[in-house]
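Just dropping this structure here.
When the chains are written out, they are named A, B and C in that same order, and each has its own residue count from 1.
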Amino acid sequence: MMPVGHYLFLSFALFTIGAIGVITRRNVIVILMSIELILNAVNINLVAFSRIFGDVHGQVFALFIIADAAAEAAVGLGIIIAFFRNRETVLADEMDLLKW
Amino acid sequence: MLDSIIFYFFAGVAILSAALMVTRRNAIHSAVFLITTLLATAGIFLQLRAEFLFIAQIILYVGGIMVLFVFVIMLVRLDVPLHHITFRFQKWVALFVAIALACEVGVMFWYVRRLPSAGLLTPPAPSPDQLPPNSEQFAKVLFSNYLLPFEIASILLLVAMIGAVVMAKKRT
Amino acid sequence: MSPALHSIVSFLQTWWVQLVSGVLIVAVVPLIAGYVVLVERKLMADMQARLGPMRVGPHGLLQPIADALKLLIKEDIIPDNADKAIFWLAPVVSMTAALVSMGAIAFGPWFQVAKDINIGILFVLGVSSLGLFGIVLGGWASNSHYALIGALRSTAQLVSYETAAGLAIISGLLLAGTLQIRSIVDAQQHYGVWFIFLAPVAFFIYLVASIAETNRAPFDLPEAESELVAGYMTEYSGFRWALYFLGEYANMIVVAAVATTLFLGGWLRPFPNVRWLNWLDVLPALFTAGVGAYCVYRAGKQPVRVQALFMWAVAALCFLVALILAATVFVPLLQAARPGFLGAFWFMLKVSAYIYVFMWLRFTLPRYRFDQLMHLGWYLLIPLAIVNVFSVGMAMMLESEFGWNRWLALVVTMLFTLLAAAFLLHLNDKRTAAASSAAAETSDTYAG
């Protein structure tokens, strides 16, 4: 068990990289993958603290986050497929149907 | 000693492959790097003695969610490398966000260092021998304290399944 | 010495067994998989009334080595627009997943690389499911239509049957009450019977699902030669193909080991708790000695001298193993070694029997079409597996809460499961009858 700061730094680094990915990339699938990265960073944080306090509640919450990420990925990819069938694009800046 | 080697190895792999993931042009390469990041995260879970979460991460995230991603990328042929970037401002926005987050965390670490009782903010972690068997403890808590969220999660997954099937169906 | 060197030495002192076992697995399992291929070819030949490989080495026993050498020196062809990095990575992932999942399996009470993992069976399931990335990435990286369609079909099949296999395993885990591999076998010893007698439907579901998991016939459409050339393996030649192939056979061994641990009693002999059957402990030595005696008998009939010598060598090896096994039974000093060696023998025997059933089914049953395959998985196996989990759970609850006799509870709930199975099969028949009649009405194959 390393000092908790190490895990927090790792979680922060992954979170930042995920946030940069969401902001920078044009491909919507890569944006979704960066969101998964953000969720993983949060999971590391939860599990590190659950280890410190010796109980398992943090890990249970992390499991719920994983289940939730699965549901969100499934629906998000379904939306992308439906959009792709209509507009033939997956670039975020070309999905501007609601723009006036 | 072994603990810290394992931690640095998995942490290094996680950060490196995450950085590679957000910079590849080819979406399949990004997916492969996300798989390695997720496996490294699972390794971190194992190092934290969260064995059930380690295998749950591998089965659910890597074996489920990433397969979904890879399937969609392959079926919809989304791996074509992109052309020119029209919106150049994104890079500066990203840099600003990164610096803002880094400043936040830096300030937090700096304040923590100045407190006299900084070492007592968290209790000393129990040694690995004192931890009860992980799966049994996990199951005990999951099915007693978190029973309602568990059932809600099942309904959520059911709704997501139906939603995904409906969204991806071809309109005949 | 310097502290770094000291820590390295202490690390090696604590973990040298695991390291050596890990190296052994990576080095030996491909060789064993090669010989499983030879066994399959010989069995196939036997069931088809011919002889199989006979030329390379006595009775074809050096055939796998010749095959491996040939594959190693073959030209390494990479398709034109293939993604080179992923093309290289895919067979590696497939083989790695199969080998790593062997780490948690206990080949007997003494032989386990990752000792006492808390999540034993789940680890094996989860890591062996990583093998499907090898398939899907390989099909993609080949930049070929056949490969991609074969890969997607194979992955869809694997994912569907993984669910059924997992649910079948849950039935066994309900009886065992734990995920640890040793504790599962100890639970079977505690109950006194193998779990296959307590949950036969679960074993049957796992048998079918594991055949589909490893892409074996009759579920081998994605890699059958008359269908999609070779599916996801089409563009792979030489040693890359060998890695895929060996990964598939290693996966077969893993799946057989999981079924043996969970349903066939692991390293327990038949009737493990019955004391007056303790003389069954002599069976392993007798069996091996019998094989050795047969080799001696055949050695006399060999036409060529070197073949006869080889047979004598194999016979000597068999007698040596029989001697060791008998020594652990009869020699009082070596009694402590009895569970280790005898357990390993029984485990290997059961794994071999399971793989024999795999091969037997391959040579007997015709291939399933892909939609029939998916229909079988989703409409028949998964509902049946869910009903089975429910009924085994009911049996456990009836025994613990209401005080029923364990056997009575299990028989009653198994009747319920069989009823559900009959109902599902009936639904299946109605559906296929409806589909085929609809197809017969609408399609006119010779029109025009």
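Here is the rule we go by: contacts are C-beta pairs under 8 Å (C-beta built on N, C-alpha and C of every residue); 3 or more make two chains touch, one makes a residue touch a chain.
Just so you know, these numbers come straight off a predicted model, no measurement behind them.
Q: Looking at which chains touch which, would you call it a line, ring, star, complete or other?
A: line
Q: Quick check: more C-beta contact pairs in B-C or A-B?
A: If we tally the contacting C-beta pairs, A-B comes out ahead.
Q: CA centre of chain A versus CA centre of chain C: separation in Å?
A: 36
Q: Please compute the C-alpha centroid of chain B, do the same for chain C, then give the distance between them in whole Å.
A: Each chain reduced to its C-alpha mean, chain B and chain C end up 32 Å apart.
Q: Provide the C-alpha centroid distance between chain A and chain B, rounded to the nearest whole angstrom.
A: 7
Q: Would you pick out the residues of chain C that each touch at least 2 other chains?
A: Expected reply: no residues.
Q: Where does chain B touch two or more other chains at once, residue-wise?
A: Each of 52, 75, 134 in chain B touches at least two other chains.
Q: In their shared complex, at which residues does chain B touch chain A?
A: 3-4, 7, 11, 14-15, 18-19, 21-22, 27, 30-31, 34, 37-38, 41, 44-45, 48-50, 52-53, 56-57, 60-61, 64-65, 68-69, 72-73, 75-76, 78, 82, 85-87, 90-91, 93-94, 97-98, 101-102, 105, 109, 122-123, 125-126, 128, 130-131, 134, 137-138, 141-142, 145-146, 149, 153, 156-157, 159-161, 163-168, 170
Q: How about chain B: which of its residues touch chain C in the complex?
A: It comes out as residues 1-2, 26, 28-29, 32, 35, 51-52, 54-55, 58-59, 62-63, 66-67, 70-71, 74-75, 133-135.
Q: Which part of chain C faces chain B closely enough to touch in the complex?
A: Within the complex, chain C touches chain B at residues 7, 11, 83, 85-86, 89, 117-119, 122-123, 125-127, 129-130, 132-133, 136-137, 140, 148, 152, 155, 159, 178-179.
Q: Going by the contact rule at the top, pick out the chain A residues touching chain B in the complex.
A: 1-2, 4-7, 9-10, 12-21, 23-27, 29-30, 32-34, 36-37, 40, 43-44, 47-57, 59-60, 62-64, 66-75, 77-82, 84-85, 90-91, 93
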